[in-house]
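The structures considered in this document are given below.
Each of the two complexes below includes chain A, the first together with chain B, the second together with chain C.
Up next, the complex of A and B:
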């Protein structure tokens, strides 16, 4: 799937311009908090897609990349008085290193087995943080009193609206960087590794390095979203590292459209909206989400992004509709050819 | 010595689970993430049957059949539509199945912990003089042995087993020989689910039933199949023994580092043999 940088940039700038206006349009406190959360998950999903959608590494352990960033950030800023920004960078760097470690795993186990081993690794880190290292992390009770930034004296970031602008700015820059990276030569290499790793090796690229680098970058941005998440909630719980978080980001990505930059962010929006609306209606919303996800894998594997208005219009203006019989003839020929 | 028996019983449980995964992976090329959910469902259904009838043996016989039926329906309704697409979609679909099965279990049984009593015949422990061994642990170890033997006999000595093995090697060719591969796939997926359910009932008297019981075991089980070599039943036996013993002896000596330890076993094996102990390179997805 080819991506146009100009399309992505236009979308990002338009979306950010709109989002920057939202508070002055009279949005309530709850809406602002919801948007902040969605932005953070959106960045996480976009970071995840760099490894899954672009490089083809299906990681089931991204929860650890988010969580480790969040914990490193929280511990440094709350316990050691490290400035907010430096804490965020340190968290991101640690997550990046963990991503590099995942890269080492990907050198030994490929394909779906990488998903299994990264799941096991993330669960291991989950256990370490929730019990083995409980003296530093606060164990199962979580880590309270995570600070928000102090920049100047005129801005009060404990006000959710002010903090929203900061989150918007950081997510904007991060997603911009991701957009540029995806269309850069390195992004193309990652695409190549996903589409045909054997051929890439034969051309002379070291695919292990490309994969590791992609996971590193993915880890860095996951770590940033982890730090932002902890700071927004002013609390981080080891639940953040559980496998359901890895599952959530997968659902967001697939729902929106893996392999596109905007899809996963859109998926995060849909996911958070569903969480917000459905969890008010029923405690069993997660099961409904699972059902929606199953239907999505069967009927909409390329996510919402494959429903681009252009395609819908194309369908509308197509000169005629192919009949079922015609299509089946094609399918028969196809299956004969395969066998 | 009692630690050894605990290790054996863990290994037996892991083997029964891993065998189901390996069978399904061999034929369908799908890693069934929902295997742990089937295991949990088996435990809960077993609990219900035992609660209704007061008979553990009936639960052991019927719950796997129920889970197999659920697996069969799930395969027909969802998975069978994805066989000619990319493998990762099937994998993700089984992840969706977990969410749905978890929610159904929560709907029926709630979130509290439940427990199942071992049948009277298997309660208590045997005294070997210098050490004591729980009868139930011995029973589980033998159940694992029986499952391994039974699977070996069915796969190697019967026509059905041969069909399954042949279809794993080349399903299109077997289909050309007039075998209904579609039905074999559904059946094998159901049998895999049934094995998980069986493991669930067997595990029920040893662990409290909870919604996350599936996940805890299934991760070990993934380690087992990767250590053993993907798609190899022999490897699953060896992997299960390795992980089971690591868990049992680790619990004895360094309980706080037991999870890093099991993961360490995996890393060590992968460093020496990247495709697992009995793995073949081309099997890697």
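Up next, the complex of A and C:
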């Protein structure tokens, strides 16, 4: 049941080592931008999974955690000249507090009702940002000129490749922290809350606290994703807070494998690849993506992570052994019949 | 060691009274069984004692402290452990993980979030102790839902005991256990009862009569009789209403 920390760490280090080499392998500007975007969505999906896959809280309001982090970061850095790093931390902290607010909601309602209330909360924030607070946020037109960091004169983060390395480093550290947290006693408590909240209460745990803490942490990492997204695109719009973003992150998570750290990141990669490829072919790309998602849920209900290379090879050899064994039984039976 | 009591306890759902004016005292160090036909209010009483159901009127006390306003988690911290009528374990986790998770409630205040839960010595030691007590050491690495029903019952009991409660409330611990498993559970309950206050809800009369120091008979949400097993056996009202006369 418990995720193997060693497996997650090996995967993370190997993936980061490979991704660090990608620019030197001759990847073009578009590929680098695509990978940067995928890394950010991957971190967001991993943060979402802490709430959904690990703790069992299905939130349809995670777009607000991403969006609020993005807006707080953008406003502080662009309008108030706050340094990039401090802006990112402030955005993450605000999203964390919003996550905690979701946690307070989860004390009162659970299951589908929590999903609906979080959706309503996110839509409320969406309206606030797109109309009520338009003097600060830019309203429906979005918030332009979001800066990238300025560190000395030798680092030009307006170059997408240089900024890619910074995103890779931040996502690496964030995913590493999430991996450690998931394997920690706290991670096990979150699993317990998902599997059997009644028993958890009768063991003596206050599940409302555990849920709130999980949503706070999920909010912090969602906020980091939001800040990075705004900085990468140098723009943020209220569409980021739309319910479709919450739907997208759910699809990424389920596609890759909920309840695993690597799965949602893998799901984000597949999702972004399909979005990139299919949107070049047709304006109805979202429909095709939906079709792929339906096929995946039917044939791979546990997501792509159920196709682990080790497990796949195991299955393959098992079926070969079975076929060989079956063949021997048939031949044996046939020779007996001949006798 | 603490006892538990309830005074003039009512649990009502609209006009229906699941419990009516129930006053009971569960004395420290004794096994008190609650018996009664289906619908007598046994599970409602258990739920009211553990905090899963709020009483409409009356008090529930742990020792001398009224705990009406406390939920199950707080009552557990105060030394009340509960096992469930239906198997209520973490089915996807291994037996050891189940117990280590439960042990966290006792072992930590500030949790070491930077260390993997697997392999933390303080948890492993607590889990090992309970594994041995409930006889599941050989199945420690097995997933809980792969255990036999009897072993799941033992795990259920293990989860209740790992917090070292003073008062243990066992809700039909023999439900679904086959003939071979009954002796094992009987022995396990006797072990559990050493130095504890035990409240047992059970249908198996042989086990109840053999184990109990005191028996409470419920019928229609009210206390029909209380007494020692011999007194209950001899009670004409109980014989007529529940044990079937003779």
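Methods note: the second predicted complex is superposed on the first by the 317 of 339 C-alpha atoms of A that agree within 3 Å, B and C clash if a C-alpha of one lies under 4 Å from a C-alpha of the other, contacts with A are read in each partner's own complex, and residues count from 1 in each chain.
Simple rule for what comes next: a residue touches a chain if its C-beta (ideal position, glycine included) is under 8 Å from a C-beta of that chain, and two chains touch if they have at least 3 such contacts.
Everything numeric in this text was worked out from a predicted model, so none of it was measured.
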{"item": "Superposition on chain A - do chain B and chain C clash or fit", "value": "fit"}
{"item": "Which of chain B and chain C A:184 touches, first, second, both or neither", "value": "second"}
{"item": "Which superposed partner A:108 touches (first chain B, second chain C, both, neither)", "value": "first"}
{"item": "Chain B versus chain C as contact partner of A:204, first or second or both or neither", "value": "second"}
{"item": "Which superposed partner A:5 touches (first chain B, second chain C, both, neither)", "value": "second"}
{"item": "Partner chain in contact with A:192 - chain B first, chain C second, else both or neither", "value": "second"}
{"item": "First, second, both or neither for A:254, with chain B first and chain C second", "value": "first"}
{"item": "Residues of chain A touched, compared between chain B and chain C (which is higher)", "value": "B"}
{"item": "First, second, both or neither for A:18, with chain B first and chain C second", "value": "neither"}
{"item": "First, second, both or neither for A:158, with chain B first and chain C second", "value": "neither"}
{"item": "CA minimum distance (chain B, chain C), superposed complexes, angstrom", "value": "11"}
{"item": "Intersection of the chain A residues that touch chain B with those that touch chain C", "value": "none"}
{"item": "Chain B residues touching chain A - in the complex, by the definition given at the top", "value": "31, 78, 81-82, 85, 87-89, 91-93, 95-100, 102-104, 106-107, 172, 175-176, 215, 219, 222-223, 226, 230, 256-257, 259-260, 263, 266, 270-271, 274, 284-285"}
{"item": "Residues of chain C defined as touching chain A within the complex", "value": "50, 71-73, 76-77, 81-82, 84, 88-94, 97, 100-102, 104-106, 108, 111-118, 120, 123, 143, 159, 162-163"}
{"item": "In the complex with chain B, residue positions of chain A that touch it", "value": "58, 108-113, 115-117, 119-121, 123-124, 127-128, 131-132, 243, 247, 250, 254, 284, 286-291, 293-294, 297-298, 301, 338-339"}
{"item": "Chain C-touching residues of chain A, taken from the complex the two chains share", "value": "1-2, 5, 180-181, 183-189, 191-192, 195-196, 198-199, 201-207"}
